[in-house]
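Next come two complexes, and both contain chain A; in the first it sits with chain B, in the second with chain C.
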Partner chain A sequence: MTSIISGLNTVLTFLFGLVYWPLKWLGPFWSMVALSWLGGMFMVWIFGKVSDQAAIRRTRDRLSSELIALRLYKDDLRIFFGIQCQVLAWTLRYLRHSLGPMLILMVPTMILLIQLNLHYGFRPLRVGEQTLVKVKLRDPGALGRGAQISLQAPESLKIETQGVRVEEMREVSWRVRGVSPGRFDLTVSDGKESVTKNVAVGGRLEGVSSMRTGEHWLTSLLYPGESPIPSQSAIESIEIRYPELDISILGKSMNWLILFLVLSLLFGYAFKGVLGVQI
Partner chain B sequence: MRKLTRRSLILLVLVPLALHPLVVQGYLGPGAGFTIVSTFFVLFAALASAFVVLLTWPFRWVLKRVFRPKRAGIAKARRVVIVGLDGQDPELTEKWMNEGLLPNFSRLRETGAFARLGTTLPAESPVAWSSFQTGCNPGKHRIYDFLVPNRKSLMPELSSANVTAPGRTLKMGKYLIPLGKPSIAAGRRSESFWSILGKFGIFSSVLRVPITFPPERFNGVLLSAMNVPDVKGSQGTYYYFTTDPKDKRVLVSGQQCPLEAVDGGAKGELPGPENTLIKDGGELRIPFSIASAQDGSGVGRLRIADQTIELRRNEYTPWVSLSYKAAVGFTVKAIARFLLLDDSPHVRLYVTPIQIDPGSPALPISHPVAYSIYLAKRQGPFATLGVAEDTSGLNELVIGEDAFMRQAQDIHRERETMFFDALSKTRSGSVVCVFDITDRVQHMFFRFHKDDHWGASVADERYTHVLRDLYVQMDELVGRVMKEIDEKSVLMVLSDHGFKPFRRAVELNRWLQQNGFLSEDLLAKTPDLLQRVDWSNTQAYAVGFGGIYLNLAGREAKGIVRKEDAARLKREIIEKLKSLRDPERPGSPVSEVYDRDLAYKGPYVEDAPDLVVGFAPGYRVAWETVTGGFGERVISDNTRPWSGDHNMNPSQVPGMLFSNRPLDVGQPHIMDIAPTVLDLFGVPIPAHMDGKPIMRGARGQEPSGPTVESPLAHVPLSPRTAV
Partner chain C sequence: MNNAMNQWVVSHVGEKSEVLSMERKQRPISDVNRGHESPRDIGCEGDPGIQPALQGARFMGRVREPSRSLWRNVPSSRGFPATLLPVGRGCGLPLPSFASLLVLCGWILGALDLSAAGKKVVVLGIDGMDPKLLQKFVDAGRMPNFKALMAEGDFRPLQTTMPPQSPVAWSTFMTGMDPGGHGIFDFIHVDQAKMAPYNSMAGADPAGPPVNLGSWSFPTSVGGVQLLRKGITFWEILGGSGLRSTIFRMPVNFPPVKAPGRALAGMGTPDLIGSQGTFSFYTDHRKDWPPQVSGGEIYEVTIKSNRVQAQLQGPPNSFRRFPTKQSLDLLEKGRAVAVEYESPRMTQDFVVYLDPKAGAAKLVVGDQELILREKEWSDWVHAEFEAIPHLIKVSSAARFYLKQISPKFELYVSPLQIDPEDPVMPVSHPASWSKQLCAELGRFYTHNIPEDAQAFKSGVLTAQEFWDQMIFAYEERSRALDYLLTHQDEDFLFVYFGTVDQGSHMLWHFMDREHPGFVHDDVLKDGIAKLYEMLDGRLGHVREVIGKETPLVVMSDHGFAPFYWEVNLNTWLLEKGYITLKDPSKQESGEFFSNVDWSRTRAYAAGLNGLYINVKGREKGGAVSNGPEYETLLDEIEKALLEMKDTRNNQSPVSLVVRPRRDFKGPEKDKGPDILVGYSRGYRCSWESPLGSFPKAVFVDNTSPWSGDHCIDYRLVPGILVTNRRITSQTPTLADLTVSLLQEYSIAPSREMLGKDVLEPKK
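This part shows the complex of A and B:
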């Protein structure tokens, strides 16, 4: 399963990279605008394909008619509240028609969000900026038994602290600092084997993998930036605490997920007519 | 299969999610996002409106009690339901009641009342329904016919509504931006009973009553009917397309358009309204194509405006939405239905008149405007044209009887749906709906009907019982209405006139010409629209369904008849017309000729035809006369499918009235309905109304004579109309 997910990740990351490559030169905000437009259109198109469009159209029309009826028949309270019940009933029907497509849409949406998270969730370390490297072990008792976990870094990264061991959390943490720009590999070793983790310092906007995880299908799916750590390894995951990427709009920073939500909603609504899709 | 696939996909997603608890991002994309957002807003709007209505209801109730006029008496009914069956004939109804075919009508007759209902002069829908709604004779509501002459331009025009483009425009390059809206002038005067009821706080639902366009503002909802134009501004222009180069037709009410044969089908352009936003913009058009196997299978695909619709020979498509784009941001929305008549060897296609889209009306066709949108959202698109059933398509032999009947039945079903919705939502007040199918089908199928002294003109077993079946269908409709009403509701089922065969056509302009009253200008290019009248030598002319007008000096633009000579001239025409004889049949084609000064009273008598011809049963004015044209002969056979009519002497074609309550009088008139409804609600009857209340609750009292004192008091109902 993990190998399938891993293969899928490779394909999806490559495809997303193809779309993303010409956009990354636009900077975080405008590239997000473009991706929101593409994503909004894509998801509306899928919604149109997997939903019963005729039923949604009928239901929406009936719902609209009941809302107009509220205004037309407002003087007869019995009729008015009867229409209120109809509004509720048709709203539930509308939700029922949308529920299936909503669940189906979770799959492409999740894939898209995972890829977006890879590219917009975090930014590379700046030269001179510090961050934490956290290594999590599989065996809960390994640290208690005195397992020796070491971290080696290339010259472009400086390890500033000794490893801090937290047995309860099966974690060892170091503080590192970027010395010069580039992409480098940290090496974590338990004396028997070594596992590497890519670290990005400086450079333009590009995807940074915050975590390299073990061979589990779900974590592999959620962190597609690097190949999974083999399951026989004592190391479960290696995480770099990159700073979050802030997208600036009119001088205010905004989380990428909120921006994507708003923009893709607006683009989806604006272009649903072009795509001939009833939402 | 599709459902199965969808379910499988849903399961594929749901099962892993259920097995592996995961914090999933709450956002599921624009489709789902809008579902949730709009659901929230819908519920919010509904709850907010409920809150506001509840909060304000006591204040509104008090304000209405304080400020609205006081009723004259106690209401005798909580609700009045009026079902109009346009043109249903009392004689045929009685015959089939006696044969046991109409149990619901019979029940009404036994438990309530049945009577002939006096109709107007002339006995035609725009006039009669105007009298129905106002309680007045035509001299007070000013509707005398479908078409009347414009005394200045000397051209025929619609009597009931006049739509004019915005007067001022802003010129920007080639664009003409309108500074305002089109104006719609109503021709009907006086006040409808639902408008009066509204002033007393009584709600009304009024559906498709003729001569309600433009829609008036009142306390209630209204959907306009007769005289609502199509998007071209005409009263119904249908289209005929064919790839057959030899098939050239002369269509009066329709338009033949080119259809180009292409590999595997045909392509053409559907005409629409004039583009008034661009100088010399011409007609807006929508291209379409038909993909057809052309193998005689009768199946094809219509592609029009991003829509693909299946065509099956002799089957109508559903209503197809059309958008005519005049300029950026200016679109005229319309609807039409397509009928593939043939696909081999030539493609032949019929398109209904292109009608105003009720869901996005280009002109107001309802009150409030949102009402037609409400209906369209509730039940889907529906016919909006004034005379929606395309009698012209059949009359000009473009479509056949079956196609016409299907169209009429589809429209009737639309009408029933909106009527029963109105009935369920109007618990108190008045509900009025006019069903036209009875009129339209009788016009077109009377030639198959045998039970008349004229006999059937066409023998075709398939259609022999169409009229009988139609009346049975109306009986079933009445039965369903009766189930919906309680003892506090008054039900009236009525028609505005009856029906008789139309076998011989009388061309009045030719008659006037042959008798020296009219001079014909043979050099005129157009034979109709009064263009061939030589006004300098013409004393009288005819337009419409039996109206004769004097060419009066000072009134007509080119008038020559002096006012002091008018009475003498009228007497002369009356005498000569009454002595008219049909060379091929015994008796006179003219039963009576009415002088307007005796027939009408009111402030608008001046606008009436000077004389109105009351034809004998079987005779009607010729089509040429209606539009101010000339036929070759004075009297000729009517060979068209339009074979039944009512534009005859009013006493020969009365309407009918059924009620679930007894009547006070034996000979009610259509003008009595409005004051009766007012009286049932305890609302004072305006003094100007000519009709009288006929349901004052005198159960068991012997019905008395006619209620209407003047206009047609001298026009007795024929003896068989006595109850």
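This part shows the complex of A and C:
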């Protein structure tokens, strides 16, 4: 399973990267605007492909004529309630036609959001900035039995404390500080085997992979930036508590998720006509 | 910016000088530089169109403040070249030609350079810098920059106020009035109708009457805070003439007065819970500590499997109310009472995971995680308190100090700050400025006095820990000074440093062998001198940045003296028969005069220098009639105070008595104490006396780390005045300095101002 996830992550990250690479020079905000536009169009296009467009058009037409009728007969209560029932029925029919495609749309949306989280969730550590490296072990009893977990980092990252062991959370954490810019690997070892995790200090303001995990195939899918940790490893995950990437415009910073959802919906709605898709 | 850049700016801006000089003529003030326009005056906030031109200058888009229009004589364009002015409101900057873009660049770069030609005034306010110590360190060759400034201009002791307490002295500096004018007589004032002490600097306006729904309570209007100082500050007067100021951490300016420019509040700003700074201390050995410590709260915690679960105690949640314990007890006993309610305090949970082997711990506060080694300070940690879940939150920040992991667990948490990034109360003017400062400098201390002398005094922090904490606060200020110097686009800049004051209070006993609390410490014996040296370094930097032409004033509000002996003034009044106790056998117990028989009490002491007559109709239990009885009593007490003797060493502890109603001017002079006591060098009011307590002895050796002080006879603790101007008076006063600063801009002082111009104009 690990290798399937790993392969899938590689392919998806590569494909997203193809789109993202030419946009990333625009900076976090404008590249997010561009991706939201592309994302919105993509969603509408898929919706058009997976839905019964003719049925949706028919339902919508019928629904709007019922609504007109509702206004015309608002004085005749008997007819009015009859039309009300019709409106309800057609609304339900409309929902039936769109619900399936919506469910199908969830899959590409999730993939997109996972990729966006990788590219917009966190930023590299600044030189001089400190944070934590957290290592989680698989075996709940390992720390109690005195497992020796060590962390090695190149000179660009200073390890400032000994590993703080929290038995109840199967966790060892270190405080680290960025010393000089670069992209390099940390090595975590339990004396028998070593697991690496990449680190970013300084450089371009871009998304970084915060977690390398082997906890479960689903969590591995959520963190596609690095290959999953093999399931036989004593180390379950390595996380770097990077600061959040600040997407700001005119001095106002905003959350990437909200920004994407709002913009992609707006773009999708605005361009549905261009794509000839009924929503 | 270097001179080459200046010249570039001058030569390229030269083409526009006609427009400038026309603008200058509109200004009533001579020689005020128009080249230092704020980029904000373009009227564009972060307009992407002009950003590239501004990048080198680190422009922070700011909105013109609406209050601006309230001020007289404010030229609408403030001298910005007409060709570049936006049309209408908003960000519609007309597309400038390449030439005007160049001019714009030069203009903005010039605006950020203080050494460019023209008048700006810079004042460094160094709380508590003492003229004798300054001279001593200068003579020892430890303060080359002060020496150079003195040689270039002048140096005099600066006469302070009576009482020489910081809030009083700074208020005089700001307003040019004595306490009779600005109404600040002490750190602590007394509400005589209730016989309750209160903070003299700021007070709370209560919220509107609440609508109660069970345990929920919704006020009908929002409460506020109010600055209690009276009078108009000199920078408001500057603002009235269209001049803008940056006032950084001026004491007794919370909430900051709304004058053109920017201000960050200083001493007198409460912490989040509304106190003047309450630290928290968490330990599993609570019994090692007294039940109560001044300036802090000590909490008992337990360690379970190397885990400590605790809470930060925030302010009361005014949206919730629960019956008080007292009410519930009475109800339970079947006694019908009107139920009294109180608001529970909001809390923020935090967890500490200890790893004694690693000598470190992981702290989890909200969604933040941090690791501290033993004896290590954290940077600012954000804390949030929820008033209404998911709806109303109060933001704060605190610093953690992991004092000890084992054998005892000890964790210090700084007073919870009003978060400058999301302030719940107005710590700056405009309100957004603290947020902008945060974006540039990171979070910073906002409350009253950041240096936690109380934690040191109570033993929660050691001298070395206090030193580290003080230096952290100093470095925050220092970074702010650097930032303000390079981003100073206002006409007047004031920056306050409190380090020397707090250091002199707390480190005196390391340098003075005669002090009853003398402690030998090879490093800290030089502590005060080091602080003076640090400020000397800052002065050097300021001089470098602003150049010799910019008027520079370095001043302090008062000097310093040793604090050897405490005077229990209330005990003295008791011994002299002015106070009668209800139960003399319980002389040493009871809070704030609770054991006093007011009907047989004629005078009492409150605050650090204040003495009040128990006047009928003014005090809650007044016993002395206004008129001849009052006057005779005042004369009698004045005489007795001056005759007071410390029989242990045959010294006179009091060398001056001031009577505000007789000696001060202004409408507030009747509102303060009836007598201000000026102690002799070495003496000061005790710790207990201002709190209305009656320890047995009148005179006590002071062995507390709080070993230096200045709340004595004002003539003994003048401040300093060092400037690159000649000082025309041998005895300049704080009030003179106010007038002199206005005169720098050729602005006449207000009628209420008591001083005179003492700075010779630069030739």
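One rule holds for everything that comes next: the second predicted complex is superposed on the first by the 273 of 279 C-alpha atoms of A that agree within 3 Å, B and C clash if a C-alpha of one lies under 4 Å from a C-alpha of the other, contacts with A are read in each partner's own complex, and residues count from 1 in each chain.
Note that in this section a contact is a pair of C-beta atoms (placed from the backbone, for glycine too) under 8 Å apart; a residue touches a chain by one contact, two chains touch by 3 or more.
Computed from a predicted model, the values in this text were never measured in an experiment.
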Check: Mind checking chain B and chain C on superposed chain A, clash or fit?
Finding: fit
Note to self: For A:Val19, using the defined touch cut-off, is the partner it touches chain B, chain C, both, or neither? Pick first, second, both or neither.
What the structure shows: neither
Margin query: Once both structures sit on chain A, report the angle chain B, chain A, chain C from C-alpha centres, rounded to the nearest 10 degrees.
Written below: 110
Note to self: Looking at A:Gly251 after the superposition, I want to know if it touches chain B, chain C, both of them or none. Which is it: first, second, both, neither?
What the structure shows: second
Check: In this superposed model, does chain C or chain B come into contact with more residues of chain A?
Finding: B
Checklist line | Which of chain B and chain C A:Leu132 touches, first, second, both or neither | finding: second
Margin query: By the touch definition at the top of the document, which applies to A:Met106: first (chain B), second (chain C), both, or neither?
Written below: first
Margin query: Minimum CA distance, chain B versus chain C, superposed model, integer angstrom?
Written below: 19
Checklist line | Interface residues of chain A shared between complexes with chain B and chain C | finding: none
Item checked: Interface residues, chain A side, partner chain B - complex -> 39-40, 43-44, 46-48, 50-51, 61-65, 67-81, 84, 87-88, 91, 94-95, 98, 100-110, 113, 218, 257, 260-261, 264-265, 267-269, 272, 276-277, 279
Next item on the list: Report the residues of chain B in contact with chain A in the complex, numbered from low to high.
Entry: 6-7, 9-10, 13-14, 17, 20, 22, 24-25, 27-35, 37-39, 42-43, 45-46, 49-50, 53-54, 57, 60, 203, 221, 306, 368, 370-371, 373-378, 380, 425, 427-428
Notebook entry, point to check: Residues of chain C touching chain A in their complex?
Noted result: 45-46, 61, 305-307, 353, 355, 357-362, 369-371, 373
Check: What does chain A use to touch chain C in their complex?
Finding: 132, 134, 160-169, 173-175, 241, 250-251
